[in-house]
Every structure is written in structure tokens, then in C-alpha cells.
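In what follows, subunit A forms one complex with subunit B and a second complex with subunit C.
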Partner chain A sequence: MNTLLILSALGVIALFAEIFRFRKGLFPLILLGLAAAFIFTANQYNHPHVFFGMMNFDNYAVIFSCSILVIAFLWFMMAKNYFLQETSVTDHFSLILFSLVGAVVMVSFSNLTMLFLGIEILSVSVYVLAASDKSNVMSNESGFKYFLMGSFATGFLLFGITLIYGVTGSFDLATIHTQLTTTNEKGLVLAGILLLLVGLSFKSSLAPFHFWAPDVYEGAPTTVTTYMATVVKTAAFAAFFRLFSTCFTAAGNWSDILWWMVVLTLFIGNVSAVRQKSLKRLLAYSSVAHAGYIAIAIVSMSATSASAIFYYTLTYSISSITAFTILFIVSRYKGSKDISAFEGMSKANPLLAFAMTVAMLSLAGIPPTAGFFAKYYVFLTAINHGNTLLVLLAVIAALIGIYYYFRVIIAMYFKPEQQLVPIQVGPLHRTVLIITTVLTLLLGLFPNLVLGWI
Partner chain B sequence: MTDLKAIPLDWYILLSSILFCIGIMGVLFRRNAIIIFMSIELMLNAVNLLLVAFSAYHNDAAGQVFVFFTMAVAAAEIAVGLAILIVVYRNTKSTDIDVLNRLKG
Partner chain C sequence: MLLILFAFAVMGLFVPIRYGNRFAFISSLIVFAYSLYLFLTFPISAEYQYVADYSWVQSLGIHFKVGIDGISILLVMLTTFLTPLIIFSVRKSEPRPRAFYSLILFMEMALIGVFVSMDGFLFYIFWEIALIPIYFICLLWGGKDRVKITLKFFIYTIAGSLFMLVALIYLYLHTPAQHSFDISALYAAGKSLDPHAQSILFWFFFLAFGIKMPVFPLHTWQPDTYTDAPTQGTMMLSGIMLKMGIYGLIRWMIPMLPQGLAQNAECMLWLAVAGIIYAGIIAFTQKDMKRLFAYSSIAHVGLIAAGIFAFNGQGLQGGIIQMLSHGINVVGLFFIIDIIQSRTGTRNIPSLGGIRLKAPYLATVFAIIMLGAIALPLTDGFPGEFLLISGVFKFNNIAGAVAGFTIIIGAVYMLRTYQNSMLGETSVETDNFTDLTMTEKTVLIPIVIMVILIGVWPNLFLKVSEPAIMKLLSGI
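Showing the complex of A and B:
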């Protein structure tokens, strides 16, 4: 609860900062606030709190909240300069802080009302942020598509919640679970679960409901895209898993349907990424593909799923922040988001090229980076659950993935350089890149540092 | 309350499902952004109707409280949506969603 209070208070302070000309001090204050929220949240580890049956801060919620706060901290450091050039920096920061409130609610709900509210608090802020580059038609289009698809998905989600409520007479997750084991209304339950599945798949960009993701990710400002690919994705999957693991383990055969959706996601994501010229769009499709890998752990619901999802979302977010930060720096410098803008970068900017290589290797899942163990634990969970065929297909998809991630590395190291002028990297960006690269390697070498937490 | 229960529950489910499907069709097939917004509202209100019906049949107030949340959120959502639409209109001079075709591939 303290987490939510601190984040909301920070959001309100950020709104007032514009009136009281407090812009300069706002950024350090937000970082301090996030650090305080992190400490308060981490303190609740092993001390579960329940709030009126609406939210349950168990270890799962604490760990995911902490991971979201860490990612948000890195995100603020990455995005500060971009938003400082805009006229309305405080609005953007407060929107992000309010959407973080939504993300924390999404990982800690124990009632369907809070799930709905959390998703909406998160989404409505991000719709605005996606369209925040007001004079750019691409950004408008991105925000508009995100809004349309998002509220369309909300409709499905609500209808699903309603049907489940109709059968069980309650919004409480534990009550729903016990009611569903005895109910006779199998048809309504299945319809409700499928509608919830559709709604949550929209939010977490699983095929065939992923089609908005590449457009929205490409059109939105790069910093906002980073936020969507990291915090929003983590929160969406944490909510997805929390709902399905507490409520629907005994009901219906939704996992067969999710099985097919995962296979579709893996191949659509990876194959579409191969033919992209723009790195931003490539990362968008790669984000769709990664949603597929994460969902493998939901299909093979078992005791290790939660930690597999946590490790995967954390490492994916960290590597994504590296990749998007470098894309942001390079695209600003060269005015192009294409892979060709990276040609010959290893000569002029060896350190940037190294950081990008580590991020790409991690996203591709090659040891000794963290991405390898992320895939390994997800696959291990699936094999222990008996989903060998799914793992086989996922490995084939991952091999396709290696091809396009290496295109970026090859462009940096083996293509002739266009200009030998080194790109200036600001101190904040440098700090972010150092932290994320070190974390990627560290988590890859010692995955046990975070694995046993859930 | 008794009046609400005079109609069998199945009919409420049927009516809401039909309204919901009309909403889906509107979103999928209409090209004017305002009409699409109206269709989304129709989807959400179909859900509200069903929630109230279930709430009455279960003798449980939680469903009706949920409807208030839904209405508040829907209002916030549409406010944001219309604001984004105004920005789009300023740049493209159109509310037809087919003009938004710059992002593809």
C-alpha cells in the first residue's frame, strides 16, 4: 500500500511542479521517490498484507512490484533528456507515475475489480503518452490505434469478468476458484475464460491479437516505446499469470487454446522481424515474439512458472532498455532508425557497439547473457510439464530469432563505416547503459541471484 | 427487484450478447472514428446491463458497484480517445480511420 501512496503522491507533485516552477528539482525527487517506494515494497517481502480482500501484497506481488520499480528507475534516467526538450515535461512524468500505480495494482490484485482498474489506470496513461508527440502524425496514429485496440480489448475483458461473476456470484479470486470446481455452467465458464484470454492477449500482444503492437511501437516516441515494451509487458504478464494461476487452474481447457496462440505468436513474431529494415519495428516484432516465450510458462502452469516468468520479464526488460537507449541515441544523431544507421559503429563507438552486442545476444538467448537462462528456465518448466513439442517449436523459432539479432551485430562489426565521428553519449545515458549491460552479464553468470525469490 | 427478475436470466444474457456483438461489428466494419467510439461504448454498456442483471439475480451489490467503476473508466477512456482524435484531426483534417495508414510493414 505504501508503494501506491508514494507513487500517487509523486504523480500529484509532478503535476503541481509546473505551477510552482519546480521543474529542476523534480527529476531527482522522482528518482528518490522511486527508491523510497522500492525500499518500502522490498520491506514487505515475507510479510503479506491483504487490503479488504481487494489487493494482496504477497511475495509474488512484492517481487514484481520491485522489478517494475527498478525498470521504471532506469527508464526515467533514460528518458529525462527527451522529455526535458518538450514543453510539458511534468505532465509526461506524472502520467508515467500514475501508470506505474496501475502496474503495481495489476501485479497485486486479489479481486477482478482491481484487475480491471489496474489495467485501465495503466492503459489510459499510456494511450496519452503514445500520442504525446502532438505534431507528428506517426505518433498520433500510434496513440489512436493503441487507444482503439486497447478499449476494444477492455470490452472483451469486461464481458469475460461479467460472465465469471454471473456463474460464481463473486469477484474475489479465491471464491471464484472454489466456485468453479463445483459449478454446472461449463459453457458460460468457458466463454468467460476465453473472453478474458482474448482481453489479456490483446494487452500482452499474443497472436492473433498482436497486430496493433508493431504499429504502435513504431509510431510512439522511442522512450514511450521502451516503457511499453518493458513495464507494460511485465505488468501484463504478471496479471495474466496471477489471474489464471489462482482462478482457472481447475476449469476448462483454455491451455490447449493458449498452446496454439503461443505457437502462432512465436512464428509470426520471429518471421516478421526477419524482413524489417527499421530497427525499431524489428524490436517491436521481437517484443511480440518474446511475449510468446513468456506465455509458454503460462501454458505449462506449474510451481516453477512464476519464477520463470519473473526472470524472463526482468532480463528481457533490462536488455530492451539497453537496445532502445542505443537506438534512441543513434537515431537522434543520424536521423534514421534503420539497421543501416548502425553500420560500422564498432570503429567509431566501440563501447556502444559492445553494449548493443550484449543486448542483442541476450535477446537472442545466447550464453553467457541473461537471455539464455531466461529461455532455459521457461523451456525447463515446459518440459517438466510435458510440453516437449512446444519447446521444440520454440527452439526453432529462437533459431530464426538469432538470424535477425545477428544482422544488427554484423552491421556494427563487419560493414564499412559511414562516418567516423564518435557519437557523444550523455552521462545519464552512459550510466543506464553501464548498469543494464553489467546486469545482463551478471544475471547471465549468476541466475540464482534472483531466481529463488518467488 | 422483483420486476427485474420477472424476465428469465437467459434473456438478459442473450440481449447483452447481441448488443455486444453489434458493438464488435461496429468497431470492425465502420470507418468513421466517432462511430467506432460509439460502438465501443455500446460494448461496455452491454456489459453493464448484464452485470446489473447478474447482480440482481445473485442478490449481491458487488455487481452494481462494478458498474459504477465501469462507467467512470469508460468516461475517462472516451475523454482521452476524443482528445487523441482531435490531435489526429488537426494533422489530417479527417476522422476517417483509413487516413491513418503510415505505419505498416
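Showing the complex of A and C:
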């Protein structure tokens, strides 16, 4: 609960910053606030705390909140420039902070209304943020598209919640679970679950509800895209898993449907990424593909699923931050988001190229990076659950993935350099890149560091 | 103890810029000296020595467990023997940045890791890590089509590896509760499966190892990659890296899945034999020397694979000694090609000739290594091929006869290459050929010594691996 209080307070302070003119001090204040929130959250580990039956801060919630806060911290360091250049800085700060509140609610709800509230708090802020580059048509389109499609998905979600409520007479997850085991209204339950599935798949960009993702990711300012690919995705999957693992394990054969959606996602995401010229769009499709891998752990609901999802979202977010930060730096410098903008980078900026290589290897899932262990762990969970065929398909999809991630690496190391002038990297970005790269390698070599917690 | 080895290899990453070459050479020599010490003091026994076991990912039963037995010590020796030579073979006129050397050292580390791992997961990690440095070596310093070719190579090999990963996970889940990746646990798990499941897993593993070796028909990445890679890359690939695949067969695949082997041995054997013939015939028509030796390498590896799939004492022993001699020969041959190419600017056999008149040393060295590759008695190829063929013969007479026959094809195209490049009249390209320099001699002389040493005294190496082989055979 403290986490929510601190984050909300920070958001409100950020709103007032404009009036009381302390914009300069806001940035360090927010970093401090996030750190404080992290400490308070981590303190709750092993001290489950139920809040009026609406929220349940169990270990699952604590771990995911911590992971979201860490990612958000890194994200703020990466995105500082975004706040410097725009006119309405403080609004952005507070929007992001409020959306973090939504994310924390999404990982710790124990009541369907809270799930809905969390998703809405998160989404509404992100709709606005996606359109925050006001002078850019693409950004406006992106925000509008996201908003329209997102509202639809919310509608589905709400409808699903209603149906489930109709059958069980409760919003409470535990009550729903017990009610569902005895109910005779199988059809209604399945319909409700499917509608919820649609709503959540939209948020976590699972095919065939992924169509918004490439356009929105590409149009939104790079920093906001990063936020969507990392924090939003983590929260969406955490909520997805929390809902389905506590309520619907015994009900309906939704996992067969999800099975097909996962296969579809894996192949649509990976195959579409192959032909992309723009790195940003490539990363958008790759983010769809990664949603597929994460969802494998949900299909194979078992004891290790939660930690597999946690590990995967964390490492994916960390590598994504590296990739997007470098994209951000390069695109500002060269004015292009294409892969060709990276040509010859290994000569001009060897360290930047190295960091990007590590990120790409991690996204492609090649040892010794964290991405490999994440995939391995998901595959292990799936085979343990008997989904060997799904894993084989995922392996083939991963091979396609290697092809396009390596296009970036090849561009950096092979193509003749167009500009030998090294790109200047600011100290803050440098810190972020060092932290994320080290974390990617460290978590790959010692997955034990985070694995034992959940 | 083995960790010291790793420490040295990792240290190579922080070489001072200017002394890149020298530093890499010296550190690889130190590693060699250390492994030589291990080899000389190695007790002849079937047990693993110098076992180091640390818990790595506790909750998943993954250990950092390494150890050396009679089979792996030979391969570690091979790796550490060849790496200094490969590093030293870089010519002064083509300076390489230190990244090149650190990649080679990094690769050496991964290769040694593969050969000493006693944990399935660790083995897989090293197996994959070995791929990254060689990919960059080929990508950054390769020939003109390198981008396409190296990517094909990378995706090809990783495709195989991923299937192996699936199979490893499958086996891991069949180990008793509190699953473990320990080699003995995996052996037990594999053996307990029914023959049908074993057979399927067998194919999964075969994809990984067969692509790496490469065995016909999974070899299509190999000639292009060998041809386009820089000389040192080719040496690494052919001299050491393909031994990973063979080692994987002996150490992991066959002991884990004996029933899988029993069901598929016939098929595998004929695939291998088909590969020998196929590669031999193609090599026959090659004009590019590097390509010719790439195909001849497929033929040699095919024979090794056949011997291993026959799975008897002779076959395995022959396979191991042949791995050593093939590694040594092929590194020597590719280096000689590099010498010829740097002098004449061509690898095209018809435009060469008469080099013997200009460079007697080179011609002599080339002859010795070539005879080793042809498997003339008293050279290193002979004991290996002899054992391999008798192993195959024991398993299947016809296959043995066919495999034996292919040695003749090998001899024909090798000798023809020698004749056309070394003997005869000099051509425009070879008119100004100079003989070996000091550096080149330093690389080639140890190789020649080894060619003869293994040929004359194979027992020095055979006796080391024998107890381990016997243990493997009795375990099935």
C-alpha cells in the first residue's frame, strides 16, 4: 500500500511543480521517490498484506512491483531528455507516475474491480503519452489509434467481468474460484473467460489482437514506446497470470484457445519483423513475438510459471531498455530510425555497439545473456507441462528471430561507416546502458539472483 | 584447478592494444603448458579427474561441474596445442586488432568448456558460446560474401542446438525428482526411456551434432563458411570446433540413448558412408584448394562418424585418435594454403605449379602433412583410419569395405593437388615464390612433429583414452 501512496503523492507533487516553479528539482525528487517506493515495497516481502479484500500484497505482487519500479527507475534515467525538451514537462511526469500506480494495482489486485481500475489508470495515461508529441502527426495517430482500440478492449474486459459476476455473484478472486468449481453455467463462464482473454490479450499484444502494436509503437515518441514495451507489458502479463492462475485454473478449456493464439503470435511477430527497415518497427514486432514466448508460460500453467514470467519480463524489459536507449540516441543524432543508421557503429562507437550487441543477443536468446535463460526457463516450464509441440514451434520462431536481430548486429559491424564522428552519449544514458548491459550479462550468468524470490 | 584455465582465457580479453598478438600468444602458451602438465601427470584410469563442482542455479539443479577423463584430456590438449599455433600464424603484414585475438582466446575458453563440462546445461551454454566468437571472426575478417554465409552458418548451427536444448530439457525432466543436469543423472534418465522416445531424442541430438561436424546431408553450410572465413577462422572451425560435434556424440548422445543408437545405427552408418563418398567425389572436381580441403574434411569426418556409430572399441578409439590427427593435419593444410595464397594471390590449383623448385621446405612440409591426411603408415592418419575402418568392418562388412575404398579416392585427389601445385613447371604466379619464413616454420614444425609422433607412437594417446572408452562401452 505504501508503494501506491508514495507513487500517487509523487504524481500530485509533479502536477504542482509547475505552479510552484521547482521543475529543476523534480527529476531527482522522482528518482528518490521511486527508490523509496522500492525500499518500502521490498520490505513487504514475506509480509503479505490484504487491503479490504481489494488488494493483496503477497510475494507475487511485491516481486512484480519491485521489478516494475526498477524498470521505471531505469526508464526515467533514460527518458530525462524527453522531459527536458517538451513544453508540458510536469504533466508527463505525473502521467507516468499515475500509470505506475495503475501498474502496481494491476499486479496486486484480488478483486476484479481493482483489475479494471488498474488497467484503466495505466491505459488512460499511456494513451495521452503516446500522443504527447503534439506537433507530430504520427504521434497523434498513434495515440488516437491506441485509445480507440484500447477502449474496445476495455469494453470486452468489462463485459467479461460482468458475465463472471453474473455466474458467481462476486468480484473477489478467491470466491470466484470456489464458485466456478461448482457452477453449472459452463457456457456463460467460458464466454466470460474468453472476453477477459480478449481484453487482456489486447493489453499484452497477443495475436490476433496485436494489430495496434506496430503502429502505436512506431508513432509514439521513442521513450513512450520504451515505456509501453517494458512497464506496460510487465504489468499486463503479471495481471494476466494473476487472474488466470487464481480464478480459472479449473474452468473451461481456455488454454487450448490461448495455445493457438500463442502460436499465431510467435509466427506473426517474428515473421513480420524480418522485413522491417525501421528498427523501431522491428522492435515493435519483436515485442509482439516476445509476448508470445511469455504467454507460453501462461498456457503451461504450473508451479514454475510465475517465476518464468517474472524472469522473462524482467530480462526482456532490461534488454529492451538498452535497445531503445541506443535507438533513441542514434535517431536523435542521425535523424533516422532505420537499421541503416547503425551502419559502421562498431568503428565510431565500439562500446555502444557492444551494448547493442549484448541486447540483441539477449533478445535473440543466445547464451550467456539473460534472454537465453529466460527462454530456457519458459521452455522448461512448457515441456514439464507436456507442451512439447508448442516448444518446438517456439524454437522455430526463435530461429526466425535470430535472423532479424542479427541484421542489426551485421549492420553495426559490417557495413562501411558513413560517419566516423563518434556519437556523444550523455552521462545519464551512459549510466543506464552500463547498468542494463551488466544486468543482462549478470542475470544470464547467475539467474539465481532473482529466481529464488518467487 | 581447471578454473585457472578459464581465468587465463578470460584474461585475454584485456590485452594491451599494442601487444595484442604477443600477449595472446603467450597466454595461450601458458594454457598449453598447463594442459601439458595435466596430460603428463594424468593417471590412466576411467574415472573423471580434477572434478570441480559448484552449485550454479540451485532451484533448477544446474551445477557448474567440470572434470577431465581420458577422452576429454586429449581434446583439451588438441585445443590448447593448436590455439597458440593459430594465433602465431597471423601474418605481420595483415595486422589484426586485439579484438581478433581476444575472440580467439574467448573461443578457446568455450571449447575447453565444452570438452570438460559434466553438466548438461553447462555443456549447452559452452556449446553456444563457442559460436559467438567464431561468428564474429568470420563476419569481421572474412571474404566477400561473408555476411550471407556467416548468417547461414550461424542459423544452421543454432537450429541444431535448439533442438538439442529441447531434448536436454526433456531428459532433465525425466531425472528423478529434484531434477538434475548431472551427466550421470542424464545417462540414467536417457536409458530409462522406451526405445521409441529414445529414437526421437536421438534425432534431436543428431541434428545438433551432425550439423556441427558436419555429417552429410547437414553439411551445406560448411564449404562456403570454410572458404570465406579468414584462415585463422577456418583453422578454428575445422581444427577444433567440429570436434565438438564428435565429442558430443561420444560423450552425450550415445551413452544417454543406447536404444536410440541401436535403432538408428544402420541408418547413421550409411549416412556417414554416403557422406564420405559424396564429399570425396565433389572434392575431386574442386579447383579452389581451400574448398577442396573443406570437402576432404567432410569425408574425413564422415569416416570418424561411421566409426563412432559402429560403437565398438576400435571405432571409438580410432575416432578419438583420428580427431587429434585430423585437427592437426587440417590446421597445417589450411595454413599452407594461406601461405600459398599470400604469395601468389590465388588458390586456384591449375594456375599453381613448380613451387617445389622455389620452396623446397614448404614442399617437404606440405608432403608430410598431406601424407598424414592420406593416412600413410607412420603418419598420424594411419592408426586412426585403420582402427576406424576395422571398427566399421566389425559392425558391417560392406560398409567397412566401402569406407576403406574411399581412402583411395582421398589419396588420388590429394596427390593430384600436390602434383599440380608443387611439382611441374613454375607458372606466372609461382615464379617469385619465396620459401618459408621463420614465423611460418615455427607454426609448421610442431605440426610436422605431431604428424610423425602420432603416426609412430599412437599408443601414447590411445592408452590415455582407453579406460574411459571401455567404461563407456560397458555402461551400455
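The rule is short, and it goes like this: the second predicted complex is superposed on the first by the 454 of 454 C-alpha atoms of A that agree within 3 Å, B and C clash if a C-alpha of one lies under 4 Å from a C-alpha of the other, contacts with A are read in each partner's own complex, and residues count from 1 in each chain.
The criterion applied here is as follows: contacts are C-beta pairs under 8 Å (C-beta built on N, C-alpha and C of every residue); 3 or more make two chains touch, one makes a residue touch a chain.
Everything numeric here is computed off the predicted structure, so don't read it as measured data.
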Handout entry: Fit-or-clash call for subunit B and subunit C when the two complexes are aligned on subunit A
Key = fit
Practice task
Applying the touch criterion given at the start, work out whether A:N384 contacts subunit B, subunit C, both or neither, answering first, second, both or neither.
Solution key: second
Practice task
Identify which of subunit B and subunit C touches the larger number of residues of subunit A.
Solution key: B
Exercise for the section: Return first, second, both or neither, reflecting whether A:N448 touches subunit B, subunit C, both chains, or no partner chain. Expected result: second
Problem - subunit B versus subunit C as contact partner of A:F414, first or second or both or neither - result: second
Exercise for the section: Once the structures are superposed on A, label A:Y376 by its partner contacts, choosing first (subunit B), second (subunit C), both or neither. Expected result: second
Exercise for the section: Calculate the angle at subunit A, using C-alpha centres, between the directions toward subunit B and subunit C; round to the nearest 10 degrees. Expected result: 140
Exercise for the section: Identify the partner contact of A:S135: answer first if only subunit B is touched, second if only subunit C is, both if each is, neither if none is. Expected result: first
Exercise for the section: Could you say whether A:A398 touches subunit B, subunit C, both of them, or neither, answering first, second, both or neither? Expected result: second
Handout entry: Lowest C-alpha to C-alpha distance for subunit C against subunit B (Å)
Key = 25
Practice task
Would you pull the subunit C residues touching subunit A in the complex into a rising list?
Solution key: 56-60, 124-125, 128-129, 131-132, 136, 139-140, 146-147, 151, 154-155, 158-159, 162-163, 165-166, 169-170, 172-173
Completion exercise
As the complex stands, subunit A meets subunit C at residues 361, 366-368, 372, 376-377, 379-380, 383-384, 388, 391-392, 395, 398-399, 402-403, 406, 410, 413-414, 446-448, 451-452
Exercise for the section: Spell out the residues on subunit B that touch subunit A in their complex, using ranges where they run on. Expected result: 13, 16, 20, 23-24, 27, 33, 36, 40, 43-44, 46-47, 50-51, 54, 57-58, 60, 62-63, 65-66, 69-70, 73, 76-77, 80-81, 83-85, 87-88, 91-92, 97, 100, 102-105
Exercise for the section: Within their complex, state which residues of subunit A touch subunit B. Expected result: 113, 116-117, 120, 124, 127-128, 131, 134-135, 137-138, 140-145, 147-148, 151-152, 154-155, 158-159, 161-163, 165-166, 169-171, 188, 214-215, 218-219, 276, 278, 281
